[in-house]
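Should a chain be cited, it is by its letter among A, B, C and D, assigned in written order, with residues numbered from 1 in that chain.
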Amino acid sequence: MAPAGAKRNILERLDAGEIVIGDGGFVFALEKRGYVKAGPWTPEAAAEHPEAVRQLHREFLRAGSNVMQTFTFYASDDKLENRGNAQRFTGTQINEAACDLAREVANEGDAMVAGGVSQTPSYLSCKCEDEVKSIFKRQLDVFVKKNVDFMIAEYFEHVEEAEWAVQVLKTSGKPVCASLCIGPDGDLNGVSPGDCAVRLVKAGANIVGINCHFDPMTCVKTVKMMKEGVERAGLKAHYMVQPLAFHTPDCNCQGFIDLPEFPFGLEPRILTRWDMHKYAREAFNVGIRFIGGCCGFEPYHIRAVAEELATERGYLPAASEKHGNWGAGLEMHTKPWVRARARRDYWEKLKPASGRPKCPSMSTPDSWGVTKGHADLMQHKEATSQEELKPLFEKAKASH
Amino acid sequence: MAPAGAKRNILERLDAGEIVIGDGGFVFALEKRGYVKAGPWTPEAAAEHPEAVRQLHREFLRAGSNVMQTFTFYASDDKLENRGNAQRFTGTQINEAACDLAREVANEGDAMVAGGVSQTPSYLSCKCEDEVKSIFKRQLDVFVKKNVDFMIAEYFEHVEEAEWAVQVLKTSGKPVCASLCIGPDGDLNGVSPGDCAVRLVKAGANIVGINCHFDPMTCVKTVKMMKEGVERAGLKAHYMVQPLAFHTPDCNCQGFIDLPEFPFGLEPRILTRWDMHKYAREAFNVGIRFIGGCCGFEPYHIRAVAEELATERGYLPAASEKHGNWGAGLEMHTKPWVRARARRDYWEKLKPASGRPKCPSMSTPDSWGVTKGHADLMQHKEATSQEELKPLFEKAKASH
Amino acid sequence: MAPAGAKRNILERLDAGEIVIGDGGFVFALEKRGYVKAGPWTPEAAAEHPEAVRQLHREFLRAGSNVMQTFTFYASDDKLENRGNAQRFTGTQINEAACDLAREVANEGDAMVAGGVSQTPSYLSCKCEDEVKSIFKRQLDVFVKKNVDFMIAEYFEHVEEAEWAVQVLKTSGKPVCASLCIGPDGDLNGVSPGDCAVRLVKAGANIVGINCHFDPMTCVKTVKMMKEGVERAGLKAHYMVQPLAFHTPDCNCQGFIDLPEFPFGLEPRILTRWDMHKYAREAFNVGIRFIGGCCGFEPYHIRAVAEELATERGYLPAASEKHGNWGAGLEMHTKPWVRARARRDYWEKLKPASGRPKCPSMSTPDSWGVTKGHADLMQHKEATSQEELKPLFEKAKASH
Amino acid sequence: MAPAGAKRNILERLDAGEIVIGDGGFVFALEKRGYVKAGPWTPEAAAEHPEAVRQLHREFLRAGSNVMQTFTFYASDDKLENRGNAQRFTGTQINEAACDLAREVANEGDAMVAGGVSQTPSYLSCKCEDEVKSIFKRQLDVFVKKNVDFMIAEYFEHVEEAEWAVQVLKTSGKPVCASLCIGPDGDLNGVSPGDCAVRLVKAGANIVGINCHFDPMTCVKTVKMMKEGVERAGLKAHYMVQPLAFHTPDCNCQGFIDLPEFPFGLEPRILTRWDMHKYAREAFNVGIRFIGGCCGFEPYHIRAVAEELATERGYLPAASEKHGNWGAGLEMHTKPWVRARARRDYWEKLKPASGRPKCPSMSTPDSWGVTKGHADLMQHKEATSQEELKPLFEKAKASH
């Protein structure tokens, strides 16, 4: 592991041409471990089960992550409340616990703490700019108090809301990342990736990019379009990417949420560590230097990214002491035909079988998500209760 | 969770008709978390990183496991040594640490501690019965000292060696499980599952069954054959099953180790939680009452087993507080078409796509594993060093 | 082509160790050409459109067939009638026309004419032996009058009915083949392939084997079981196989009729010519010497069989003048990367893609066919009208 | 069948809003029947085996075709010669025989005869406009002498050469179709489908469109782009489409020739009749009125097109007397669960399995075809001999 202590700012690192490796998504990983509920996806585990959150931070740190994102996704009081959980902890308690856990583990290695905000129900309910910004401001106050190292505005489907977030986060004086969850077709209003990036840089973002919703190669392609837009506009920025660890060639513009397998049947789509090598190399080649993951990433996925870029970074991650390069550990295997797999060529060429002969390769995204006539409904997709949605459902049905 | 404190013996539970839920395999889960090296697969993490092992125990406990298997797989000094690691801990230290961790977490809930032994290199090197038994005896000494609740002899490919293990373990006076890693074709000498089971019961095993190497449905089918053999012989036993969490319809008799995807490309084969429901129900219907998992199982897989059998057991596991029944948590989702998936029917019928259109459904097991002419070599597949195998390799090559 | 004129009996050929190549199934091939109606599958085209039937005979002759089967499948008057066509031709006219067409083309090369009978609705309606035999006798009269070279009793699902057919056909003094449409599980009463074969040989069949319902490798495997049965019983026979040209790994005991794709969605399952090479070689190795095809076979499939066995037969078929060995014709292609495919190795290794990413590899046979409770109904599956079946349908539905 | 006799010009029909149904490709269909050699793909069968060519014409006529294309593909003397066959017939004999066969069968129903020219080796060898045009002129002379009803310039990869062909064909005074074998990416020089269409219409083509190289939906999409181009330019034309009967989602710009399965492993990609219904409807909806097929089409595929458009055309084709609408013929089937498939809904929803669990859904086009460095070679891909290509091969290899 790189020497700790020499903790430099993310911008100092990126300006120096270094690679910053992100972590993976916590909600999916902790759902599989039994600490997050799929559906609400709220982060109360930070307070309820700190040992589980701390352990996951540690695993990503060992795997090579330079960034510990605070586990504060969806952690505003109103969000926590409307998710129906009678909470044993307040939003503030959860947010502060999450900051403390991230800092504790970051201090164990060469990692920075990043606070985060993401898209709000208020924006989709057509609340005004001031109101949305005040939500971001309240979240920022905690991160400033806990003195995180930098801020990430991530998981935005509308560039306008992301711009507002950036403007708020800039007031902290900390470096600001802006990451959208869009694909090559642009944001949900049809603003192209290139135009989105230009607007975010103009709003003050130091680092722009993409996270969640699509597979690694699609996300890298979209960041490439952002980069080209920024360069065409004569601007400067750094770039980040934190994709899914699921293959999603059959997604529509809404991403993996519209796949029929979301969220409980995605297993056959999980990327192998070798897929991650290709991703890391492609991201690097495109010029992205903040490279991490989102939903589906497990520690070994991040380790694969770190191993692919070990020469460029100059060191291997701690967890590589438990991993032979390109399967070299198999040289220890007792069966000779397994030992024969201890080589890069074998794993690069393998097209892994699914063992599921009754399953197709691609599924059709849900008709709900793609039906144009349901636009009204989709505009309101973040409405806070099913009650509120009822009239929209009626309308949608009537339009058939 | 069921009330702790009322800790009863595994045989008391099974005799009373209760379901005992096992845990999942530690080597695969901890490999992904960065604490076990694929190839050697040794358990030094018990001493090196106890927090990671403790956390995994806790997750399985929360998921519903009644059994904490000590993380002592391949933990004899000779095995640890020949795996080529300059170890910072002795075998005894690792074994004792593993027992302490299992006991610590077992005491947090309604779980028993199980010590384990598995097949030895000595048996395959044609060592005599006394020598092989003395190895099991040395391992047993630690488990007796640490006072585990019962013993499991597991992962045997030859029933004869398993019989020897059972005979040794019986001397402890503790209940003994015997679990083979074979499929419906029987052990590697061609002894049928039914005959294997009869021999194990006669050797003194209280519980017999299958673990590892094959997917759940194949393992359940094999245990059914064991049960039929035992009943035909007029004997009595309890039954256990701890399969892989990978779909392996294309395996030959050696199991998933011969699949080209083993061990680093198995992702598309991972079972969903809904596949686990089917497995748990089928195992229960067949009359198996000790139901757990092996390689590939994550805590959410065990939780699915516990949820499927919640009515029969009379309670849900702790981790179900973070999981709606059959996807019910999605009722909280913000997108209506995702909320529409909050029902059993949807998930039971889903045939999940792989998102990998260039990959087949089934692969062909490695030619090494299936070539009859390599029988010599395969008999020696557990030889302790590559040096020893060299002459066999030459012979195998010459026979082409 | 082998010299015509030297027309020897099929038994003389087989006794001399020669390979006899059959033709392909006419109903499927002519359905695609627009002359047979799927559902009734009746052969009125022999009289209505003789040019189409003659042309198909010629194509199989050119492809290497030594046998011209008369196109008389389902050609009894009662069958023709209940299929609901107001026929412009009597059954006798159709049968005689079919015999004449087969003879005309057989005389153009080294081919014999085979008349055929197949399973009857009467047998399934529980008519007595005498009645069923009298049906076969009426059909035989036409074949004797037209002096076909030998007889084939084919497409029987119950060995008992096939025995009756053989007994009738033997009275003609012509060589008799008996071919069942069963798989390795045996006939619909559970009689094993080996036992079926013994009974057929004892009834007088000179050649026994399998046709239709399953893919080539399954059929070859079943004939192998028949051969082993005959040899165990100390009997002697020749063996034949005429399988489907569709891959059917997912069939139940009723064969491809129960696949959801039958009969209008079978395209993705069609064997390539290279699959046929493997089939021909395997059939030969097993000891089968009358090797042909059934539904799905097109002339190029038979040509592939003849090309695989060209060395053993001593000559190539006429149509090979339009086919390079193992793709050698591609050496003439204008694109160099296509020319690079003019070699055996390329085609043997190719795993052809389906171009259908939303389709699975295997489908589940229809629930109708596999539901045990529908046994009553299935026993009556050849009942002559839907009217008669009504009460059975009601019963079947009520049993759900 | 529509009344014969009332033979109107193709333009009269299209101007009246009628649908004209084309035939299928002869080289692939006759290759399977044993009369055309894959590789050279030359049409000597018109003279050698007229009965086979006549029969295929008849089958397409029965299936609903209004166009009998003369079987004259690649039938210039130079082409026939360099394909290496010592021909028993001159090019003129073959061409004249083909015209006579097409006319003979066209006269049996409501069909027109179309003569055809296609891209020349000379164009790719950089011969001048005059030389290329003189080749087309010589071919046209035969068609004029035989008085075909209209002309088709088809299978062009470069719009410039197609323009030259149209200019020559226009001199005959007959209606002229121009059909390119390109996809949505445009011709091999990158001219977009819209621009190609405009140039062809300006050159004098009455009907423009696409044939071969891509699957039906891709071809329809490309014709739609052509139509939009023509309309944007304020021009008028009719539109035609004659696609492959193979699913080709994984093609690059060179079409199916670059798929590894071309030409002997394409079976799993063959369209079902139900796929053809979707194709015919989509083509009609887009405004295409000359709808036919190319390689892979069998008569039943054309019949499916005619059945889908039966209401619009006002009649069913002759071969529909042997085909129930949407599987209605299955109502006659003896097995009740097969009868249950006699409905549109069943076949429309079916996702047919391939029965090939070791094959992927998509393959990767040959590296030859996609390697940018091979551009030199590809420009010369139609060079007339391997000798000429040698230096290019050397160059290509050296560039690796």
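One rule holds in what follows: contacts are C-beta pairs under 8 Å (C-beta built on N, C-alpha and C of every residue); 3 or more make two chains touch, one makes a residue touch a chain.
Not measured: the values here are computed from a predicted model.
J.: Computing the C-alpha centre of each chain, which chain sits at the greatest distance from chain A?
T.: C
J.: Between B-D and A-D, flag the pair that has more C-beta pairs in contact.
T.: Pair with more contacting C-beta pairs, B-D versus A-D: B-D.
J.: With chain centres taken as the means of their Cα atoms, state the distance from chain C to chain D in Å.
T.: 33
J.: Chain B to chain D: how many Å between their CA centres?
T.: Centres of chain B and chain D (C-alpha means) sit 58 Å apart.
J.: Please compute the C-alpha centroid of chain A, do the same for chain D, then give the distance between them in whole Å.
T.: 48
J.: Give me the residue numbers in chain B that touch at least two other chains, ranges are fine.
T.: Where chain B meets two or more other chains at a single residue, that happens at 250, 351, 353, 357-363.
J.: Going by the contact rule set out above, which residues of chain A touch chain C in the complex?
T.: Checking each residue of chain A against chain C gives 250, 357-364.
J.: In the complex, go through chain C and note every residue touching chain D.
T.: Spelled out, the residues of chain C in touch with chain D are 31-40, 51-52, 55, 58-59, 62-63, 83-84, 121, 215, 246-250, 257-274, 298-300, 303, 318-319, 321-324, 327-342, 347, 350-363, 366-369, 377-378, 381-383, 386, 389, 393.
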